[in-house]
Amino acid sequence: MSIAVKNVIKRFGNFVALDDVNLDVSGGSLLALLGPSGSGKTTLLRIIAGLEGADRGTVHYHDEDVTKRSPRDRNVGFVFQHYALFRHMTVFENVAFGLRVRRAPKDKIESRVRELLQLVRLEGFGGRYPPQLSGGQRQRVALARALAVEPAVLLLDEPFGALDAKVRQQLRQWLRRFHDEIKVTTIFVTHDQEEAFEVADRVVVMNNGRIEQHGTPQEVFDHPANPFVMDFLGNVNVFQGRLQNGKMLLGGIEMAYPDYPHGESRAATAYIRPHELDIDRSPADASSLRAKVLQINPNGSVAKVRLESENSHLELNVEINLDRYAELGLRPGDLVHVAPRRFRVFFPEDYAI
Amino acid sequence: MKDLGQPLVAGRILPGFRLSLGYMLVYLTLLLAVPLAACLAKVSSLTASQFIAAVWTERARSAYLLTFGASFAAAAINVPLGLLLAWILVRYEFPFRRILDSLIDLPFALPTAVAGLVYANLYVKNGWLGQFLVPLGIQAAYSRLAIVLVLTFIGLPFVVRTVQPVLETIDAEIEEAAASLGATRLQTFSRVLLPALGPALTTGFALTFARSLGEYGSVVFVSGNIMFKTEIAPVLIVNQLEEYHYAEATAIALVLLAGSFATLAVINSLERWSRRHGC
Amino acid sequence: MDADRHAVATAEPQRRFRQDPLLIRIPLILAGIVIVGVLIVIPVVNVFYQALSHGFGTYWRNLVDDADTRHAILLTLIVAPISVALNVAFGIAAAWAVTRFRFSGRTLLVTMIDLPFAISPVVAGLMFVLLFGLQGYFGPWLRDHGVRIIFALPGLILATTFVTLPFVARELIPVMEALGPEEETAALSLGANGWQIFWRVTVPNIKWALLYGVILCNARAMGEFGAVYVVSGHIAGQTDTMPLRVQKLFDEYNNPGSFAVASMLTSLALLTLLAKVWLERKTRREIAAGARIGSAVPRIDDIGETP
């Protein structure tokens, strides 16, 4: 079922949580709302669920305006950040709750709950109580409970936030596989970029109550719409320079930038990802920067190299793969050349980070 | 954690707001607001001089003096008593400690009439305790002492239960620090512990005082209710009522109410003060 | 007096205090025992002693054969449960309104709930006489319609309900505040309506606190004297509750009878104490369990923090 959010504004006192937000979610997709604390992602999720009322704007489920509808009548499955399991009920009763309040026949409840417990790999746990479960188990009960009523939409609020790393990893993969099976429109909130990228079909990057960008993980990473998105999704080197006559000038080097052919010089900021910089012993062309190696940090499958440019004393963070690292035989103190393979330009007056 | 003054259920997502608030308001209006308004209405039917005449008779004045005086005395006695009991319950181990702890709450659970009845009987000439005290000249029944005694009983739990939590959360390290700096046990107690307990003791005092001000059931048994000697204000109010002097009774009641509310306000600001100064 | 404060505190504390020397401890402990003994234990024992002083037969007759005493017992057993029931309904409504919603005037209402504690029972009775007594504001109207409130059962119920108003609410509010609205919100999202949320989710979580409040409320209701004295007109056999009966018998110099009724009330007090101790432990454990499985959520959404 598709979801459309139109022109939603939400304020808490003087604080603007959502500032004219528009979002379209296609049916059956798995969407991540990604952003730092205070970006409004949870508020947006709760407004979609009906747990919070928008001050202005509308929410549509499949073209139907549900803005005024209580969460009861929206047929959403909501998984709360701290699970909110009913502590006085067994796992079985927790999962059965939605069906019981709809007065479903007993045998139907029985079979559906068993089915769900199997789905979340908690068969045999039916008689346990929430305080007896681990974090990951509680999480799965919360999920099963939300799914029991066959919701049209599944909404998860920081589903893996309170779990430790290993369990988080497992559950992430599990959620991805699970969605492939069930194909319910799913939206989850996270502040972890890695999580969003690993699990979701599409990512919505939010900041300060606004949607900064909306696209597939690849799109958003390779073609960030603005400095915030670029900076939020992974590391980035930021340089101030000037554009003139189709060239970007910074720190003593020049790089071709045909998109700006004008003679008028203009201040611009270049954003370069660590893996978009190459290190070489000899200069490639006019776009190579001489720099000294400060620190080398082999990290998994890449080597993270920190350098300082000779002339302008800019700090550079470069990532090269291990083969290249071995090839170069780098050591701290070495003088090398760093050249950007690609870079992105944003104008400082358009954005204030 | 930023508190924006609006919790998760801002916007009244959960049902039942109107029903619960409505019922609450109706209930409070009918049971609290209307009776209090009746009081004020009655008193306002008196002119200022009539009001003074009602509340400032010699009889009334001795009643106030007795009521406030006895309540103050009972609260004052309860402070060291309560401190001692809280101290031994929290810091010492001894047989039947748990039972003792539970018994402290008895004055809270026992009907005041029973308290009055038994206290009157215990301290008369041939009562269990009176037989020892009366020969010594101590009249603990049908006297002012009797009033203070029974009010002390009524108020016993208040200081104890206010001091206990504070005593339990005092860190042993504070005492060890004082000792390492050369303080004797007495100095540690008077300079370190007592000030820390100050707010709790004051709150306990105020609670006992407020409770004693309005106490009727027990005092009416033990005091003998002798005008000018052992008649407390609530008894005076009842007397006026029985003579159908409604306005006068209400006037005196208002004086009593003013005293109680003032004490309540003091308690509230004490609690706020102690919370701010991190107890 | 704040049971909730005490309840939180009497978890088994770490005894890390510097132990006072024996010379100090023994006298203090003895002093404490003497204080409690003289002020509390001796009176309680005395009640039963006096009640049974003329033998068990007389004791029984005092309670059962005396028609007025029988009626007093009956009256107490009618008035107290009604007051408790009314205050339970109020307590639940108040706790729900105050802990699950934010609205202006909330703090004022919470303060109002505590007011009956600050008002002398006699004054409470006085207020109802002012309203419904023969010379009260509604007196003539009531008389014309043949309705008796003062000097009759409704008056007793009103006075008792007023005096015990705060008890249930004061137990429920902190517990519901500590538990937070998470479970109820989850139930709502799963499709439950108001009553379903209340019965299936809220009540199981507050049942011990509720029971505790009921027991305290009942003890106070059965033992209330001052307010009932004023509104009852103390007509023996008609409007005397048990505490009033105690006084009447005492005034008639019938000590064994008076103490017989008093012994029933004392037994009730002792039972209340037992229940209090037992329930305190249960409510404390519940709140602790709730905090552990993390359903007391900070009262903000992602604005501010997410650990």
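Letters are used for the chains, namely A, B and C, taken in the order the chains are written, and counting of residues starts over at 1 for each.
The criterion applied here is as follows: a residue touches a chain if its C-beta (ideal position, glycine included) is under 8 Å from a C-beta of that chain, and two chains touch if they have at least 3 such contacts.
For clarity, every value in this text was computed on a predicted model and none was experimentally measured.
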item: Core chain by centroid distance, with centroids computed from Cα atoms only; value: C
item: Between the pairs A-C and B-C, the one where more C-beta pairs touch; value: B-C
item: Between chain A and chain B, centroid-to-centroid distance (C-alpha), Å; value: 59
item: Where chain A and chain C are represented by their mean Cα positions, the distance between them in whole Å; value: 54
item: CA centroid of chain B to CA centroid of chain C, Å; value: 16
item: Shared interface positions of chain A, touching two or more other chains; value: 12, 15, 50-52, 70-71
item: Set of chain C residues in contact with two or more other chains; value: 182, 185, 188, 193, 297, 301, 303-305
item: Per-residue multi-chain contacts in chain B, two or more chains; value: 4-6, 8, 10, 13
item: Residue numbers on chain C that touch chain B, as the complex places them; value: 1-2, 5-6, 8-10, 13, 15-18, 20-21, 24-25, 28-29, 31-33, 35-36, 38-44, 46-47, 50, 89-90, 92-94, 96-98, 100-103, 109, 112-124, 126-131, 133, 135-137, 158, 161-162, 165, 181-182, 184-185, 188, 193-194, 197-198, 216, 219, 222-226, 229-230, 242-244, 246-247, 250, 255, 258-259, 262, 265-266, 269-270, 272-274, 276-277, 297-301, 303-305
item: Sites on chain B touched by chain A in the complex; value: 4-6, 8, 10-11, 13
item: Touching residues on chain A, where the partner in the complex is chain C; value: 12, 15, 17, 37-43, 46, 49-52, 70-72, 75-78, 80-89, 97-98, 100-102, 130-131, 138, 145-146, 148-149, 158, 161-162, 189, 191
item: Touch list for chain A against partner chain B, complex; value: 12-13, 15, 50-53, 70-71
item: Contacting residues of chain C [partner chain A, same complex]; value: 182-183, 185-193, 196, 200-201, 204-205, 289-290, 292-295, 297, 301-307
